[in-house]
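Below are structures written as structure tokens.
Next come two complexes, and both contain subunit A; in the first it sits with subunit B, in the second with subunit C.
Now for the complex of A and B:
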């Protein structure tokens, strides 16, 4: 039963990956203009564009290029940049360090903070503390990260001068540059996940199995952490997977705001330069990461809600 | 006789001006069974929970409840609800005592392979096993008094017999059992003392007394078939055979009882007919025209024509919306009535069935809710009604109300009834014929029309 569930879930992951590869290619094809136009400079001359196109083999049929790209991909080759000729994997390596550092810091703070806030709010539904936490998390969740980023940066960096406003000097030189970005990255996920934990806890604490545990003298902390919490975790785990995904693949705005050279910035530059192989390579890596993270979340959810069936 | 372990004196419980219990006296002794008997809503569960020191929110309580501190165990009506779905049985029991004590408690509760049970999640156990785990949990806790709320409800006769034997053995070992039940057979078999409740008052207490008899059945005459199923072979979602080649017809005003052990495919057959299970071969026709397999492809008239009443009425209602509104909604969606007409029709039917026309599901007793579920099916004006064990969890009074109402409908309106049941008495009162589903050697089941009266 469990094994067949796992098999079907893995198969679903493979199908999702295949669909994603097709989608990535089609979407980058649909980007307006191509590298030839971008490379041709400010004063494009149609002949020059055509020349660049044929040099880059952009004039070959799309299907042919797709199959070629797919073949290389399966051999682990993401291709080379049209602009600089560097391998795409090099671009990935450039941004990965900063992105991973940001994501790891954020997650390390996010999980305990969100659990703690959610459990705290769920201690007594409707209490003053609960209302305070619930309204505060809703308010912060409603703030888009660019607004929050600019607000924090204005107050904490520019007015008070406590923290550096951007990471222009480099992360290694002054780790304090990470504080503001991590705060901004934390803000919304902490709110969404703690709210899910709170709702899940309140629901679980009202269940007969919790009443039975209390009846039989199980200590209150065990009732909360070992009986109620596991039942509150499944939705939170799914949200955490989406957050991981976002942290690893999509913090373009925050990176731009604080001038952090992460994967988001690499992607942004590549899009601006119409550097199709780099964009495709990053998109593929991001998409596969998403598939894998969701698979992980489903496994976690399955452990804590073992009756879950796959939705078709 | 030894001193009582439980002594309840003049217990009154009042919630918001409504009296739930009005001067209840009760005693339980080690090695003896005290049964609390009465219709649903009579205060059995309130009394049972009072023994655990639990009362409804905002309750005003007077009187005394003396119980051995920290030694009262509880087995609720639906044991699955007190088993944490996210924890293995081993983790659940492990925190109440050492491994050896856990295994000992499981064996005392007649679970023969403790190691295998401990590795499982609750949903991987059968209903009977879940119940035994909950009993083992109480034993492990050191319960000297066990409050069992409707322990035999919804179980097939064989499982029920096992349970009665097991409970009797525990009582012989010195446990005081407080049995909340409306299952007269079980009470007769187990109880040393019976306390009968009505409206929160003790109406009779003492040894076992006479049982009310059931109403007689009418005679039937054959009519043209409304619903027919030919050569139905159905599979479970996993691919296992659930039904093998079953054929049946159902005429207007006719009642067919569908019997057989748990797992014989009774419910699957009902679900195939109602469009809730589409993985089958064979045909189902309504008035000679084929019925689409799944609900989605059935027209509104076809949906209204075949209605289904589920065993668990509480799960069949949205707990957040008033019951009457949910019944009226069915009249709008399936009966094509306007909102005002639908409200009227729903209120009329609910009143006919003696169900309060205000309140959410939580405010209704199990019996009232099952009658409301019946009202919701009837408000669509069905031709065929599939009733899946709808009386099995009910007290004698609710059961009687439902059976009488169904008999009246069948005679007056020509409603065709498919009664899935292992309640022999219900089948005897209502059914013209009985289809007994038998397990066949291949692992599937086939049907044989055993009696045509």
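Now for the complex of A and C:
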């Protein structure tokens, strides 16, 4: 039963990834202009564009280029950049370090913080603390990243001088540069996940089995943390997977705002340059990540709340 | 104003010999201090960046190339060629053979810069299989026939007479690299700084070249950093993470100007702003319509609105402040009555045209909106069409009838030859006039500067009267520095010799 569910889920993942590949190719082909035009910029000398185009082998038919690239992909080769000829894997490596670092830090803080806030709010539904946490999380959730980033940077970095405003010059020289971006990245997920935890807890605590456990004299902390919480986690776990996905697949705004050249910036540059192999390579990796993370979330949800049917 | 007065007073005191107030802010004329690392922050090109100077495309590429390499010549603040690695040039009587003498300079590895290096560099740029930007500028040179006379002398043979040949030596991207260089992983140039480390899309670190032919730089180190968002560049500067920020918005500049935290420097005449009218198709094939459009433009309103006042009005001619610019021509102003009369005479009352624009440069879409309003006052209906940013320049080269346009600085002769001759490759106004082509060729075979100037005046007069370029302004290029940064040229338009010249900069 579980094995066949897993099999179907994996198959679906492969189909999804394949669909993403085709879609990305079609969409980048549909964008006006190509890498040669983008590179020529404000100096669109037709002769020069033709030269760049033939150097990039853009004069080959689109389908042929796509199939060639697909063949290389099946051999584990993500291809080479049209613009520089560098392997696409190199582009991934460029951005991956920053992206992983940001994601790991954010997640490490996100999970305990969101759980704690959600549990705190759910302690007594409708209490003053609950209302305070609920309205604060709603307000922060509603603030766009860009605005929040500018605000925090202006106040904490430029006015008070407590933190460096950007990560210019690299993370290694001064790890404090990570504080502001991680704060901005944390803000919205903490709100959404803690609200889900709170809702799940309130729902779980109202269930008959909780009342039963209490009647048996099980200590309250055990009721909350060991009986109610696992049942409250399914929606939060799925939201956490989406957050993970978002963190790994490029947080473009935060990267640009704080000058952290992660995968989001690499993707943005590649799209602007119409560097199709790089865009495709990143898309493959992102698609796989998304599939794996969602699979993981479903597994977690099944583990904690096996009664919930989550096959699709 | 106040600050200036203080500085002048301090300088005067210094001259009078009362040098006791050594803690006072030193004036620009003070003796430069050696040492320190200057961190300059620019918009960049992501992980595609390379240190191959011949691939230079962005401002940051030019700044990096300038730190590591030299050209034979560069454009001075009036865009006339100034000798750099060349000490001078001498044409033959027919202006088609130029002898260029090289100065005694060495590459960072100690090898001398020789005529062979020059020929190698230029041949690499003009390689038919490649698409380097300076290739078009070097086109007049017959490099197969050109030769090294001796180690310090190059004889350039040209395909035709070319009086402005020194402009080629100063062309964007025409840097001299050591013979046979193909890898730029650890670049070796002859420039004021030596390579230390490079992370594409993030930072370049270089150190002082003590043997630089023009004298060693004041700085020990220069770090060129990247931040594509203007807000990030400003934050980095204000937060002490950078000492020099390139390319600021006029609005930001106004907020910080005169507050003492940063020094705002406006590099005048750095970017020509205008519209191009296609002179080979209706309605702009009728010169009366072009003239009517010249008179529709309220240039002051365009500069104030689209450039937030950070610029000067234009007079429909390229290269304000440059050598050969006819500043004696009267400044054109809005004259709606005359514009209406011209439109009526051409039978085009109630004319409707589409204006192509795109957010490809600051102020483009705003300028189009303002011009639309101005045209409405003359009875012309303009439909503004906002096009794709990444393909804009190619789209407007041959498409449409009227489009937003901008250009960085270049010598007036380069503007004429690249954009206004029948064979020009980027002729966005489709100005194809055989007699105009002839005048250009005539100027290039005229050795006498005065006679040549007269020909340029005739050509520009013609463009002023009936050309396809409606040039309404020249934008400032805005740079800001920390108060400790000294020696930044204030009168050098972007991309000229003294722009981003960190070998002349020092930290107080």
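Here is the rule we go by: the second predicted complex is superposed on the first by the 304 of 312 C-alpha atoms of A that agree within 3 Å, B and C clash if a C-alpha of one lies under 4 Å from a C-alpha of the other, contacts with A are read in each partner's own complex, and residues count from 1 in each chain.
Here is the rule we use: a contact is a pair of C-beta atoms (placed from the backbone, for glycine too) under 8 Å apart; a residue touches a chain by one contact, two chains touch by 3 or more.
Since we're looking at a predicted model, the values are computed, not measured.
Chemist: If we overlay the two complexes on their shared chain A, which of subunit B and subunit C does A:165 touch? Say first, second, both or neither.
Modeler: After superposing on A, A:165 lies in contact with subunit C but is clear of subunit B.
Chemist: After lining up the shared chain so the two structures overlap, which partner does A:218 touch, if you call subunit B first and subunit C second: first, second, both or neither?
Modeler: It touches subunit B, and subunit C stays clear.
Chemist: Per the contact definition in the header, classify A:183: touching subunit B only (first), subunit C only (second), both, or neither.
Modeler: Neither: A:183 stays clear of subunit B and subunit C.
Chemist: Looking at the overlay, what does A:226 touch: subunit B (first), subunit C (second), both, or neither?
Modeler: It touches subunit B, and subunit C stays clear.
Chemist: Who wins on subunit A residues touched, subunit B or subunit C?
Modeler: After superposition, C is the partner touching more of subunit A.
Chemist: Could you look at A:48 and tell me whether it touches subunit B, subunit C, both or neither (first, second, both, neither)?
Modeler: Once the two structures are laid over each other on A, A:48 reaches subunit C alone.
Chemist: Could you tell me if A:111 is touching subunit B, subunit C, both of them or neither one (first, second, both, neither)?
Modeler: Touch partners of A:111: none, neither subunit B nor subunit C.
Chemist: Mind working out whether A:288 is in touch with subunit B, subunit C, both or neither, as first, second, both or neither?
Modeler: neither
Chemist: Which of the two partners, first being subunit B and second being subunit C, lies in contact with A:73: first, second, both, or neither?
Modeler: In the superposition, A:73 contacts neither subunit B nor subunit C.
Chemist: Which residues, counting only subunit B, touch subunit A once they are in their complex?
Modeler: Those residues of subunit B that touch subunit A are 52, 54, 70, 73-74, 76, 81-87, 91, 95-96, 121, 123-124, 134, 137-138, 141, 238.
Chemist: Mind listing the subunit A positions that touch subunit B in their complex?
Modeler: 1, 207-209, 211-213, 215-218, 222, 226-227, 230-231, 233, 303-307
Chemist: So in the complex, the part of subunit C that touches subunit A is made up of which residues?
Modeler: Residue list for subunit C touching subunit A: 39, 41, 45-48, 50, 57, 129-131, 133, 135-136, 199-203, 223, 225-229, 231-232, 235-236, 238-239, 241-242, 360, 388, 390-391, 393-395, 397, 406-407, 425-426.
Chemist: What residues of subunit A sit close enough to touch subunit C in their complex?
Modeler: Touching subunit C from subunit A are residues 31-33, 37-49, 51-52, 55, 81, 83-84, 91, 94-95, 150, 153, 157-158, 161, 164-166, 168-170, 256-259, 261, 265-266, 268-270, 272-275.
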